[in-house]
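Structures for review follow.
Same chain, two partners: subunit A is paired with subunit B first, then with subunit C.
After this line comes the complex of A and B, so read on.
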């Protein structure tokens, strides 16, 4: 068995994956929109290219983000990715430098020891050998961690791990076999020839002392080549496809391409860039608070990749955005889910193996039933105002917020109009979250008309759900403000006189206001102005969802109650006097699930308003009395 | 009974607790009645008259009061039962609030219900608007002999809102509280008698007239007392410039939305598991159903059994029920207790 035939599986795999990658990325590029193509071309010759290289080095090789979150897991990823990268780089240099000729085929670098069994006896080559052995040891240490993680996830600090398909498993086994088989192949060869450094040399000598090393070595070279070849062949249909695809993703993102609102090459790339690491499962409240473990983003993406009927998974999500915050790959999970919701129902097209290699998916979508129009809406002639207050449907269900806002605005002398005092039309966001954009657009046009005609400069809303859609999907001349921003403005202007409440309060960031719109500081400034603000363990971008989310229309009320109770417990850990939020829906949800008093930020501020002086009332009464006597 | 009389502790001095204590004492058992309030009597204390015959609540109150005047009964007030534990050998130990412990041969749990806190249904504006009251507040007005708005003026239109905190997923109560429908009918008639020219509307999801003479009362309210019934749930309430309440309802029979001005809005609050009872169940390991009331051993033939030896359930701690059923349930609990004590 002294032939070099064993390199064939490796070569087959390598050339297959190279050709496949080129073809697939060409197809993706051709399917990009015109503007995205331009972005990519511009990015290729500009800064984005350098940024991408840096990011690829930091994230795809060193895995800095995972490192920060979990050093053990970070080391595991780094040793495998960066170690393998170095091994290839230095292996190529080695083959080029010490080999018989320059510019060798890749197999000569990968199987260098086979072709040069005596190499590395003295001088610089000897030192170089130590380095190559070190790299191999580095990778093997990471592999050991990976094996431990697979069987005892708790030991490397993983709470949950994902379930894999059979192609994933075969690819995993072949990946695991690559480096041990290389170790033994090199060791046996070294043992037979008395070469090698501290790892391969010593192990080889030890093995050769009681085994026929020269005869065994080819078997391990075969295994090494086979495991590499199989890994490459299965790469496009396994989760390890994320390794090459992530590079595309980083480059596309840095060129300024984003998910948008319909599926494209970019969503396709994101679908394949998911490494199924499962970090999204650990932060998902649906998982740890409500025990629902099959709808998390990793399963959503997996369903997309395999063209399954995932309508139920797509719909069953709070859309809180916590998973997007922690995704190490940076996939835009929220927009991806919304795109899928817009598609409506699909036929289940569970892909067979061959189908998974196909280049561009055309997902079959079931035709939507035409929906009603909102022709019956009454057009009201709006009154002119500088400040327009839009309470929103949810705030109408928490009238205390409306009462508080009226008090605050009257106290500050704001001349405002209450746009939906007698009941208004929905802002459109719930329909958008359900994937009903066309219907939402009708409502948006209706409301826009009223706002434009009112000539308002500021539009204040008490509901973060309305706020987000007013800011992002309406074309308005008025500045849109959430009431926490508006109150903050009133305080800064000095038009609101407030007392100090001797209360300890904790603030809950509503999803749509915080993660959704990036408003974190204004509410805190307002609260700190009137009361003592305590810190919550989960706040700002990692704030919890209250469980009342409008983004999920399928979750049962008892599961919602579990999520709400868990979130309320976390928030009230420090026993505050009040739990403050800035969203009517969060308020309504929390009231059901905690003994702590729950108030909206507007109610807190209204409580700090100076009480109307008794004198003033008396004066008014006397004036009225004087008038009355004067008339008589 | 031979030897020293056996000792039974009754947790809760409402209708069920008083009836159970009275029956046991009559049979010669030594009874300790533990009541968390100032006086035994439970929710009955704040009620003016009872459905369906509208007899004064006082008559039932005085019957129950007489029932617990007995030399075998000792009453501990302003105290709650915190934990119940059965010990092999037959003693049941009971931890009371305030740190004292009692030993007994059996315990009857009669911790009852609590009215749904209407603040939790903020869209109805209880605690925010002056003229939003609960059915219990209305009984208070009946007791004082006058139904009036907060500014003491006479209301011209009153609306009674059914199912507040019952059959409502949003507040996590899927159960029906059973008695609110007929209470609303009774209260509507009482309002009519006090205010002959007042318009009265009931907003209901379904009229559940399950008891004897309830349906007759419902018919009477429409035929004689001119009470209007609108099928539909109120979605929200606000006030207009004249400080009159404005409610939004969908009239599901007419199939169209409806807006109406009201002077007083009465929330027919439902029944929930009582809080002290819930804590007791938590501490003692009693099973609870998805409606959060205590789960009984068998819904058909073991409805007083707790699953813990020596512990029995009586009354509305197991499910919403009217006074008639509560008294029957308490007597059944006594029967189960006696059977248990005799069989030991």
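After this line comes the complex of A and C, so read on.
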């Protein structure tokens, strides 16, 4: 049976995926904005291209990030990706070197053994064969792990895994079949011709001893070709599309393109670059603390990809950003969710198979109809001040923070003006988180006006939610500082004299301050200055959300309480005297769910202030008076 | 005296407090209850209104708004709902755990749907 028809499925699949990828990426490129196009063009002839090649090698082939996180999973990915890559490279070299002629079609390299069954009997070719067998064994070891992972996720350290669509499943089966069928195809051919190395040769000899190897071999070559062909054909509609797309993503990111605030080709590339690995599920507090398992980023992205109505999924997220920190592909999940929240209502257009192949997605942007308006706000004429203190809405619910801040600033001799002493206007961030940017702009303009007119150099805020929006969405001349930064500045300047409290405290990084704005060190410096800071098991970029987040519009209060209780338990594991946070919202939330005293960083510092001398004198005087009356 | 006559009598000092059940429109109430079930928990304590950021600048009153929704009075609701800043202070003070922020968002959604005849 010498027919070579079996290579047809492979060729079909390969040429389809090549052409499809080229066409699709051209469409994406054309839909990019002008500036992003320029960035890409500049990146192509500059450093970003070399950086991307390095990153592609380290991440897409070696999977360094996954390795660091979980060595077993890292090995699985590396053996499949890097092993397959090497098999293709060395297979091509083999076919070019030992084949009849140079520059063969790809099928000659892939099915080399079929075309050269006697190859590799002696000399260099023999050693080369050992190498090729080694590579195959390397991939098969990874595949074994993949199969184990699928059926017993716990054995490879996976807590959760994602639910797959049927195209994913078919693609998965064909991917699994590729390498075993290659092994058996090569083995049977080798067995029939007495060639092959330690793996294919020995297995082939063993199988040929009791089976008609020459007759069976073609069936496995057919299977090999079919599984490759089906895998390539289903690639664009399955989760494995991330394999080619991740390369684009890395290059685009290195060229300086970011998600921005509207959907674009880049968001679409990110949508397809998601490998549905499910790492985001394991870290999601909504999942492990509140038992909500259908809103995680992987399902959000899947919904985007298949054009489903995902309004409920999009809204039901704390926007804490933990998933973004662990995403091995580096998808900007937070900004993508915000873009989706800004969208108006749309119909559920669940895509059929043909639709999934379509080059142009119809996920148009429908603007939300504005529902709020703040025409009633009166522009006020503010007094001039160098330092402007904006407490924020939430801080007004924790008056002790305001009192503490006042004490600290007075003690340091700061001349400040309290911008929202009589209750100010919201900073606009809650509206933005609810996808109402246009309305938020009204509030931003109102507040900006006051801040500009006050001529302030420094704007201090006590609320990380305000802090983030002041920094990112306001155009201000003043330096925006969170009060932990400001206190740190006062300590460094030497204008704040503080005592030392003999207390063990643990610090909770608020989402908007830590992951959201990258402020990790200043609060820690301040706390270490006045008390003993203990480490928490989940801190800095992996810190927990308190559960009170304004990022989630729909989460019910009992679920919030579950998340808060879980986070508080983790934070107070080391039995600290106080749980310190830097966000009034976190404080309010934690107070209800832990017995440990919860204070704001400002309150801690205020407690470390030396007692005013006047009071001490007064106390002494009263004590003397009491004594005197007692004596008489 | 029928309801009609009561409204037409032109010498009252206070605005009429009669609720006309014939003109009450429960679509918004049903929509809000469906989308945000915790709405039913409100016992009108007024904590939200006391804490309200927008309430310091204008006559926005979440407690009154919820009453309008329950009574099915759409007209006064239309203006009221636009004033909220969604800052979320009310959420923290609510003793019943009503997701007040979402109540406002859903009500605004319902009103805009009502205007488009989609409700």
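The rule we apply is simple: the second predicted complex is superposed on the first by the 604 of 632 C-alpha atoms of A that agree within 3 Å, B and C clash if a C-alpha of one lies under 4 Å from a C-alpha of the other, contacts with A are read in each partner's own complex, and residues count from 1 in each chain.
Throughout what follows, contacts are C-beta pairs under 8 Å (C-beta built on N, C-alpha and C of every residue); 3 or more make two chains touch, one makes a residue touch a chain.
Please read these numbers as outputs of a predicted model, since none were measured by experiment.
K.L.:
What does the overlay on subunit A give for subunit B and subunit C, a clash or a fit?
P.N.:
With subunit A aligned, subunit B runs into subunit C, so clash.
K.L.:
Contact-wise, after the overlay, does A:553 reach subunit B, subunit C, both or neither (first, second, both, neither)?
P.N.:
second
K.L.:
Tell me the contact category for A:423 with respect to subunit B and subunit C: first, second, both or neither.
P.N.:
both
K.L.:
Once chain A of both complexes is superposed, is A:358 in touch with subunit B (first), subunit C (second), both, or neither?
P.N.:
Neither partner.
K.L.:
Quick check on the superposed pair: does A:258 touch subunit B, subunit C, both, or neither? Answer first, second, both or neither.
P.N.:
In the superposition, A:258 contacts neither subunit B nor subunit C.
K.L.:
In the superposed arrangement, does subunit B or subunit C reach more residues of subunit A?
P.N.:
If we count touched residues of subunit A for both partners, the winner is C.
K.L.:
After the superposition on A, what does A:400 contact: first (subunit B), second (subunit C), both or neither?
P.N.:
first
K.L.:
After the superposition on A, what does A:591 contact: first (subunit B), second (subunit C), both or neither?
P.N.:
first
K.L.:
Applying the stated clash rule to the superposed structures, which of 3-11, 21-29, 75-83 or 93-101 from subunit C runs into subunit B?
P.N.:
93-101
K.L.:
Do any residues of subunit A touch both subunit B and subunit C, and if so, which are they?
P.N.:
Residues 396-397, 423, 557-558, 588 of subunit A touch both subunit B and subunit C.
K.L.:
Mind listing the subunit A positions that touch subunit B in their complex?
P.N.:
Against subunit B, the touching part of subunit A is residues 396-400, 402-403, 421, 423, 557-558, 561, 587-588, 591-592.
K.L.:
Given the complex with subunit A, which residues does subunit C contribute to the contact?
P.N.:
Residue positions touching the partner: 36, 38, 51, 53-54, 56-58, 81-89, 92-94, 97-99, 101-102, 105, 108-109, 111-112.
K.L.:
Could you please specify the touching residues of subunit A with respect to subunit C in the complex?
P.N.:
These residues of subunit A touch subunit C: 369, 371-374, 376-378, 393-394, 396-397, 422-426, 430-431, 434, 436, 443, 548, 550, 553-558, 585, 588.
K.L.:
Which stretch or stretches of subunit B touch subunit A in the complex?
P.N.:
119-120, 122-123, 125, 128-129, 169-172, 174, 235-238, 248, 290
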